[in-house]
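Listed after this line are the structures, all set down as structure tokens.
After this come two complexes, each holding chain A, first together with chain B and then together with chain C.
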Partner chain A sequence: MTPRGDALARAMRVLLPCFTVLVLLYLTLPSILIVLMSLSDQTYLTFPPPGWSLRWYRTMTEDTSWPQAALNSFVVGVPAAALSVVLGTQAALALTRGRLRFAAIASACIVAPMLLPHVIMAIGLYPVMLDLGLLRSYTAAILAHAVVALPLVFIIVSASLRGYGESLELAAMVCGAGPCATFRHITFPMIRMSMAVGGLLAFATSFDELMLSLFLTGPGTRTLPRLIWEQMNAYLTPTIAAVATLVLVLSLVLLGAAALLQRGRIEGSAP
Partner chain B sequence: MAGGYAWLLAAPAAFLALFFAWPLVRVVWRGFTDPVLGLGNYARVFGDGPYLRVMLNTIETAATVTALCLLVAYPVAYVMAKTRGRWLQIMAALVLIPLWTSVVIRSYAWMVVFQRRGVLNDLLLATGLVDAPVSFLPGALGVHVGMVHIMLPFMVLPLLSSMRAIDGTLLRAAEVLGASPTKVFWRVFLPLSLPGLNAGVALVFMTSLGFFVTPALLGGPQHMMAAVLIEQQANTYLNWGMASALSSTLLVVTLAIYVVYLRVSGGAADAALVR
Partner chain C sequence: MSSAARGAPLAIEGLAKQYGDVVALAPTDLTIERGEFFALIGPSGSGKSTLLGAIAGFVPPSGGRILIDGDDVVAVPPYRRNIGMVFQNYALFPHMSVFENIAFPLRLRKASEAEIRARVERMLAMVRLPGMGGRRSNQLSGGQQQRVALARAAIYDAGLLLMDEPLGALDKNLREEMQDEIKQFHRQIGATVLYVTHDQEEAARLSDRMAILNHGRLVQVGRSRDLYEAPRNAFVASFLGEANLFAVRHMTSTGGGLAVDTREGIPLAALRGPAGAINGAAVMACVRPEAIELARPGASGLDNRVEGVVDDVVHAAGTVRYRVRVGDGFAITVRRPSRLQAEDPGVGERVALSWRADDTLLILKE
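== the complex of A and B ==
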């Protein structure tokens, strides 16, 4: 922008950055509050806490339901992410490389589970899982979470496939490589970073999903968000803040991993 | 060769047919048949009583949250689009971190802020703005603040990717031709950022319609939203016919917005929503 300009534009150059700082504070405030409250020495939730202690982290490890729920979240999240990656990548390959006539409609249908309210799917999946005898099993939660996480993998891998174009794959096929060899030696190396990022996001989706878990898991298979939800309705203690802090740390580690992978993807894309 | 790729659609299509489409069919069917065949459930949804009010409140809340998100996110995305290097990375991280914090936990944090002996009341009492603690919960303020907080990154990211794709030479050309900075913004920058704006609005509106945790914790019976009502009908009252009819209504509203968005954006859903 040139220095000449009207008064409004000049005012905006000062006001907009100030506004942005305020919004970013608003975005980070709850996370900071949670971490501070988890270190409180009081039973009642007050802020700022009158004193500091780690007693709520101890309470959390002593109550077996928290470690069990955390374990359940992984037992559900990892297979759900794996299933999303396999199916999402297949769908992305079919729709970006297949030249299907109804590709636009098909992609709208594949993306839809991510956008529709989870409660609708929960109401529908409950009787389906009941019929299949899967209700309250890990399998029910894994399948349901894969449905809502698959679109993320599909979107990310599709974007990557479009970015690379298909000339390399065609070249391989012209040189006599079969479809499997082409995928293994050409396509997969190109899109594996996107698949990994998609898988991480799929895991994060499952790890944070409440509504489907609320309907489909049982007391033995309930995931972390469900236990947090149940505890929150019963009593508000800083134990929840301690759990939340650990979840936040784990999320930040995953975010860092995804960022590193994405950087690798961008550097890897340079010929 | 292309035909070979088409076969890859078989597994995902079968999976989604069984665990996505079939459940939705069951929901719609059950809304008409449970407890008896007919329109009884829908007569109650659209008749006098709390159900219609909750559905309308859901749409109203989602619209308000979308508008607030747009008003807050546009300037932020604008500043981010003009920033380069380390500061952009820091800002992007601050926008992304809440996205990776559990929705349940963030609503819990807002409870701590808004409760009777919470952070906000402490602040108001300390500054002498009020004499006695104000009761914010349950209430619309908490619901709006909590929901905007959760949806804001989903508005900022599409806007940012759209704004970063704008060719700077177009803005300079308008300037050279004598347009004031304000005019450059309204006539060139804003129209070019519309794809991101459309994606953000569609994403935020559709997601807001299905919100459960935030209104359940912060809204109370006066500000109940559809997902809370549906969960309550199914899990508390075991009234699955009513829950299905309410779900079908919510489904129609959400799908209508999705279809309008796909028409407006004119592209494949996955390309349109890429962030």
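== the complex of A and C ==
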């Protein structure tokens, strides 16, 4: 190797890790700052905090609106995730196993809500929900969140279905299993991990969603992101940072669970 | 408990499949006897998988009938046809043990636990996997997985077994070993077997009869030997083994046979004209490489004689293949058994080729 190439290689060995650390910091710094700010002893959001305290976590639990909003987030998120899993799995089965003529178009329609700006959907849904008398109800938020969470389930379950091909299902049918028995004994055991991962991510999507909640929920049904948003405008106390920290912890737990399930799925299906 | 399954006869009448304007299978008739081992061969895209898929119930045919044991099953869904099937990639259920894979069809048929246990154990012994029931399918070798697939297909005594290139994923030595095993398995269970393969040697080793498909059409049906010795057309002649093909320009009757004038400029002597031929333009002459004798130039030979120069010599497992250039860009392949210390002609040597008139097969071009 030339001396110049050698120097370059040595520089790369130092530069690459530095660059990697910088990128990781860029990605995680906002979350880390939030955690630090939530531990401030001041009455306004500031960084770096001059002193440390846990008082804002106590304030958070004393104010009833925070626990209520957290509960609302679950009341909306769990059914929204369940609905996405049921509908997303059926859509994935139809589009990967069925021989549909307009499969590509249908597939694009299913994935579209993930790519479209939520504000557009919110503006569209607002008058519809108003007409139906569902505005500010849990139902409105559940339906809207299911629409934006469904693509995740659809994509993950579709990938899993494509991963093992249809010969297992054909083999089961030849053995004498009708459509229901084939799903119960073969398809479901093969895709249940992907369904669970999709469900977790669907819940996380709903738990994190602001725009649709702003338009569709009311004071009694507002979710955590919406309450954070309202409090940001009004008070800007470190309580918000404390709430955000808890949301962050829950999101990390969900992501961790999804990652563990994914690993189990891959190990379970390795040849 | 259950006696060996009795084979079910299979009859296909005018079975066809079209995708829009594309003909995947032209109207086809075929009859397979009770207990027969029947092979379907052809290049990829020849329609053999379409035919098999239609019989299994995966491919709805555009027309025609499929009679299994006399009953038309075209309108019957796959799970009620009671056919056994072995897939190319085995299609074993990865989340079930070997035992559960084989027991699966019996569980669907609501057999008792005791009966399932007894039958699966017996089947495991039959496919030489005793005591392996607890394994997961991904802990088995390719050949073992194939045996589990055979066991699963045969456990419910189906009268008809379909096999879709079951040995395609195995290496050559294992494939030959498994061929013997499949043949023996067939003798034990007695079911009718329809076996799809693109390997004509495998088809010849296993089957009682075979059908050759090309471009969605059944070209010829018969025993391996019949197809080799009396191919219907040039496709069959070159698909089964090797063939030296000559384009026939003109045929005239002589005292004991036919004098054939070819486009390659080599006059040939033949005994019989092609079956069902109308005019000379659509006829070809086929000479098998092993029918040709090789001698020094000038030696007296058989009815057909031509001289040429050796272009290439390949020794392979007991045979020697010569390519002999006999004219402008035309070469004849000759295959002789390889013998120790034989004085074989080498590359560049001039040789005389000769063969008997009844080894010049006159066949249809299409």
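Rule of thumb we're sticking to: the second predicted complex is superposed on the first by the 253 of 271 C-alpha atoms of A that agree within 3 Å, B and C clash if a C-alpha of one lies under 4 Å from a C-alpha of the other, contacts with A are read in each partner's own complex, and residues count from 1 in each chain.
The working rule: a residue touches a chain if its C-beta (ideal position, glycine included) is under 8 Å from a C-beta of that chain, and two chains touch if they have at least 3 such contacts.
Since this is a predicted model, take the numbers as computed values, not measurements.
In the superposed model, A:167 makes contact with chain C only, not with chain B.
Looking at the shared chain after the overlay, A:91 reaches chain B, while chain C stays out of its contact range. Of the two partner chains placed around the shared chain by superposition, chain B is the only one that A:119 touches, whereas chain C remains out of contact. In the superposition on chain A, A:76 makes contact with neither chain B nor chain C.
In the superposed model, A:185 makes contact with chain C only, not with chain B.
Look at A:195: by the touch rule set out above, it reaches neither chain B nor chain C. When the two complexes are overlaid on their common chain A, residue A:134 makes contact with neither chain B nor chain C.
Number of chain A residues touched is higher for B, counting chain B against chain C. In the overlay built on the shared chain, the residue A:176 is in contact with chain C alone; chain B does not reach it. In the three-chain superposition model, chain A touches both chain B and chain C at residues 170, 173.
Here chain C touches chain A in the complex through residues 56-58, 77-85, 87-89, 91, 93-95, 104-105, 108-109, 138, 152-153, 156, going by the rule given at the top.
By the touch rule above, chain A contacts chain B in their complex via residues 1-2, 5-6, 8-9, 16-17, 19-20, 23-24, 26-31, 33-34, 37, 45-47, 86-88, 90-95, 97-100, 103-104, 106-113, 115-128, 143-144, 146-147, 150-151, 154-155, 158-159, 162, 170, 173, 179, 204, 207-208, 210-211, 214-215, 225, 228-229, 232, 236, 240-241, 244, 247-248, 251-252, 254-255. Of all residues in chain B, those touching chain A in their complex are 1-9, 11-13, 15-16, 18-20, 22-27, 30, 72, 75-76, 78-80, 91, 94-98, 100-106, 108-113, 115, 117-119, 122, 149, 152-153, 175, 180-182, 203, 206-207, 209-210, 212-213, 217, 226-227, 230-231, 234-235, 240, 243-244, 247, 250-251, 254-255, 258, 262, 267-271, 273-274.
For chain A in complex with chain C, the residues that touch the partner chain are 164-165, 167-168, 170-178, 181-182, 185-186, 189-190, 268-271.
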